[in-house]
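One structure is given below, encoded as structure tokens.
Labels run A, B, C, D and E following the written order; every chain starts at residue 1.
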């Protein structure tokens, strides 16, 4: 198991390197001058040049990359152009909030998705299957950013039940698991959960449906197992694949929440990213994407390892 | 009259454009020397050695013009790998393949080899492109080789293997039965006018009654076109029926090779002996009492040293564990060869020459 | 001798091609047919929008802004600049579908080619292509799209570029998997054994057999791509105003939600319906194409 | 008493260390709240344009002989929030922070924001604890306006924070009426009253003021409507009916802002013809545009808002008169059938740009009706800023003959001089259109050399009259800085300024 | 009349759905306690369906079953719920063709055997594991303690089939159903498994129905053979009778097609054609289209069943007139 883990880690390194290159290049393809957004509009050319030097933007590309990577190794992701604060601090704070949101959405989405999927897979080609399929297709078809707006209008503006924005009454810094704070989580998490519910339900349905037609299920019945036992076996078999789908979805929740975070003013990485984009805050853009991507890579690693732990067949190959 | 085969249709014009014979009748059509193929399998990246599957390890044999060589052995012993090496689907690690006197990679190009050697695969379904009509599948090779009138040729061959071209030419593989698909595969191989056809478990997936139909067909075709076959199977009965000589493989090596009647009457290698005794008896009054071998064939990733069969051999002696027996004729200049220390008086095996096998 | 043909075997209609079978299965599936008609209708109306006698989607009147649905002359009302909603929704379908579908089509060709090459060639070619693809997989797709679009800036071309980049890796991966699967089948070996060049084998034997699974997968991406494309516009890094595009319209009508909620829901509804139909269509096509089902 | 929660349009809390970023909003919420400048704007009245008043300096004067030498008397008994006293040395220290990149306390971020605001300053020194001397590069009567930009942060606090501006950012110290209590980047900042503020009338009444960045207009509206904030800046026009319908109060007032097309005066530009310029100005029905903006605008009558103290009495009446416009164009040789073709740079968004696309489309339509056919070149706001800096002659502008820009026109320099001065022709300065007129230049010089405020105002009026009479811009509208307030917010007086006074506010 | 362990009367199984298949047509079969019956037939002749019907493993929605099945006196077709669960595995159990697919890949083989034991014998996990261990010993798996903790993919094909047999026999069923348990195995392993089954059958004294299409295999394991064709039993008798004195033309064809003693190079007597598709219920002899002896009446009506002796049946008009093969 440990050697499997180590092997996966080593396989991950080139990917991580590639990720860093892409993140770096991302900024290079950006047109325009990153300083525009922060200098007063009537700043002189001299002032701009001085500023450019401060941010190292006057050096050639490979050197910029080398410096950037070198600093990264020390945990220094540069300073945000827009705020001057260290990118690392900004990003980790925001990713933290995004994680909170993503996990909450996952906690809503995965059990529902798994339940619906199993139901549909078990009762394949019955009306239950059709209803679940309809729900899951609607789930993946709905533009969730739009749904978010609608929910805000209904539950915040008209009914006044839930807050429309922010991560808690005092900002995200003093988050605690009380209703005062969790109220803020409800709408964005529900909105975010809609798509993964659909996806997880569809995956689990296909998975359960497939597994139920396999020989070993027949063999289980043949040795006198009850439906519940068979379902337990099927669930255990489906777990590895379902886990990887959920891992992937968690990544999407994390990276894909940008639209939702914008709608709900949720102080997460997506919100940060959208600010970075509009302020052309390239170090921040770079840093946010890098952290998210590396997080995603790490999570894939964890999922792989977890899969190997669940499914004895994986370690071998 | 009793149960018979349908009447063979009138002979089509024989496949005239086979590559001309070069070496004369005495030159074996195919000589294989020390053929070796190892497959790397992923081992631990961390320091661990990369494991290899020694799929084919030092295989040598000859196939004479017009004969049928049967190859038998348990699964995983390297039969298919050998076959694929022979028609260049896999690249050999080392060894020589000499076709009609010409060395592959030397005087003979892969392309020329493929004009002369064709193959019929086991899985009749997987060996036909589901998106091509039967006619197109058969004509494909001829078209590639630039032979004249590929479609006409395909239809002629379909007729010859007993599939009415008018009814079957435009069908797709999933629209015909397993036996029919195997006929198509045979026709496809023949469409390129090969001289040697490698049949890798070509009848194993068929039902007994259909198997007989296809075997009859193969026998007819061989006679008619003067083909040479390498016939791979793990069914000894089938191999015996169709082959002139039988080659027995064990874990990537040749353990015995002999004319069919010789080997049928007396098996020289303990493994061959066990393999033959493992055939189910057809006599209800005289059923098998003892399994001739215990356990499963070992994994070719780390084959045992010395004689590879020594782990399962009843006559194992210390020499077997260290020294690799060479494939040698039982009698000087004889056709029957085996690779076993029992037959080598100088091997140091304590039972050598004692004739314990019979 | 008996008069029976020994080799006859009951078959469904001899000589029936694969695609006619798919067509026949599709015809028997009403839901897919409905979705297909909806999409066809959207595409046709988008193509023929200028001849439908609609209002000018760019020209509005400030006096007639935010008229409700059902206003005479403006069946679906007017937007925040008094432009005819119906016209804008239909013209909007043009851009939305264009930006939603083009990247998948482009990625289908690029990713499909890469995947087939990787899957057929194997070895270091495969390693090179697939490891590169792996790097892109380290980014959640939405993130990648937003990052590239955000870096490049708004604009139709930029959106197409970023979305195409996003969809190449998954299509490559699927194409590679399907191709290596097919590559392992004996008929490929049979074709190689007949001396055909790699290109011929790919052309005759590989493409026909891998295309439909890749295609089916690609169709399942179209709705994702459309939602994503609209999302980019919604964020303001996709299509630029004043072009009519559903995501952008949704964005610009956001504040009108307080004046006329139904009106501002229309673009969202269009996105939803279209993507729903694309999803259902993709499911339908998937099951129709599954020969061994 | 009470807590006031404000939804800002900025996407982040403005820089807290002194000189703020985030434009006007930064100065409004984090500048003049936590800090003071030597000279400040009078923000107490809603009815008249605000004027300069003493801040940390109680009086100032230019030397009678050497018109480059200014002396400032500093206010006595002022202390920073950290308790350290405010002295002339602090002013010097603060100016070094912005201007002297060799000084220890030099802060590039603050410098980027402040340096360009005080172009006149050549040197400065503390005469004694409460006397400061500033030497300007050349005589410049606008120095007081320039100094109104410069905020004073505490040296003692900076030292206490290990001389690190990053640390200061978390616990800044100024002399202003508000103290920064806590601060979550990008999320919120909490200000509490400085009970010891030197101007007792401006000691805040509230217990707390919370600043929340809410850049997205609809999120802002939803936050106000769902009661998460009590005050939002710049409500989207379409959300206003819903707000007023629910008892929210819309506060607005004219302020020094304008929304214009800055015209190219390069060789060959059609805008060199005064008849064309006037025709365009006459072609626009500004009241019609008001519908688009929910009434939240002041139709332009000139370059400055009509209420400005520098408006003067221009003879050219900026009004809607299409017939007159057509006549003028006809004289210039154009008509609806033979329209004048011009290319205009616009951007889809941008700070202070109001609703640029619909407004520009409206203008496009209006101009078309009299015979000017406009082709738009739409670029991103950031790109637009670059093009604006580059000037009309830059190839990147692709021959566009106008640029739609909004101007912050608080003082003589930012309001008038920088747009048209010959020595500020882009890319050296911000005279985008390459306009250069000796007559105008003479007026600008006169502004700088007229040290008596009254007389200077008169010159300003004269200058503005020339702006209008020559129709130097396509003058369209002025923003009114709308903000939506919960009915619980009491005591707010919206000054005619970019900045506001929050001290008088109470919560019910 | 001795009571039969298995008593199948006039069984018909029809699959509905996209395609109708009359898989079993009017099948009657009996098996006595302690007897081994080989069910011999071509692919698609309904062998597996017969076994699955005995265990009620066919998808209930798409399957229509007529007739009666009694196993050890229980009416199998009316069983449901707990009774059905108790019947499966305890009374009757099954060995599948592909042991690799029939075992759950994510549980150890020990757990899978123990699970069945716990279910039927209501004993603790520890006891169940020791039963499993005992079973692994009985099927002669080397180092059974270690194998107990192996996952299916860690075992070779022969080993897996032994595990499968251990699993099937763990609850001491009265009837064992074996569906081509050796086709996927190598010859040397196949014979081991066949002999193992033979030994265990004696040891446990159960009835066995052994499905195969290889006559040699049938000879090795069975006392009786029933030959199936197109969902019907065309001939039934003791193994010796079937091998030495086949009466049905199909049985003869099968024997002739077997290469056991065909002369090298001589033509084989193959049965021409392919079996019918069973889209409709046969109303004549199903073998008639391939039968060299077919007459008009063969194609007109179902053939009569001849019963030459007590437990021997031949469904052919020619059954009484033994004909020389060939």
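To be clear about the criterion, a contact is a pair of C-beta atoms (placed from the backbone, for glycine too) under 8 Å apart; a residue touches a chain by one contact, two chains touch by 3 or more.
Only a predicted model underlies this, so the values are computations on that prediction, with no experimental measurement involved.
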item	value
Mutual neighbours - chains that touch chain C and chain D alike	A
Most widely separated chain from chain B, with each centre as the mean of CA atoms	D
Contact-richer chain pair (by C-beta pairs counted) among B-C and A-C	A-C
Chain of greatest Cα-centre distance to chain E	D
Chain B-chain E separation of Cα centroids, rounded to whole Å	32
Gap in Å, rounded to a whole number, between the CA centres of chain E and chain A	53
Centre-of-Cα separation between chain B and chain A, whole angstrom	55
Two or more partner chains touched - positions in chain C	5-7, 9, 153, 236, 254, 257
Residue list for chain D, restricted to those that touch at least two other chains	218, 380, 383
Multi-partner residues of chain A (each touching 2 or more other chains)	31-32, 149, 153, 262, 278
In the complex with chain B, residue positions of chain C that touch it	1, 5-7, 9, 11-12, 14-18, 185-187, 189-196, 200, 204-205, 208-209, 291
Complex contact set, residues of chain C against chain D	58-60, 62-63, 65-66, 80-81, 153-154, 236, 240-242, 254-259
Chain D contact footprint on chain A (complex, rising order)	31-33, 36-45, 47, 50-51, 54, 82-86, 90, 93-94, 149, 152-153, 156-157, 160, 163-167, 170-173, 262-265, 267, 271-272, 275, 278-280
Residue ranges of chain B touching chain C (in the complex, touch as defined)	6-7, 84, 87-89, 110-111, 114-115, 117-119, 121-123, 126-133, 137, 140-141, 144-145, 162-164, 167-168, 170-172, 174-177, 180, 185, 188-189, 192
Chain B to chain E touching residues, read off their complex	1-6, 74-75, 177, 179, 207-213, 215-216, 219, 234-238, 240-242, 260, 274-275, 277-285, 287-297
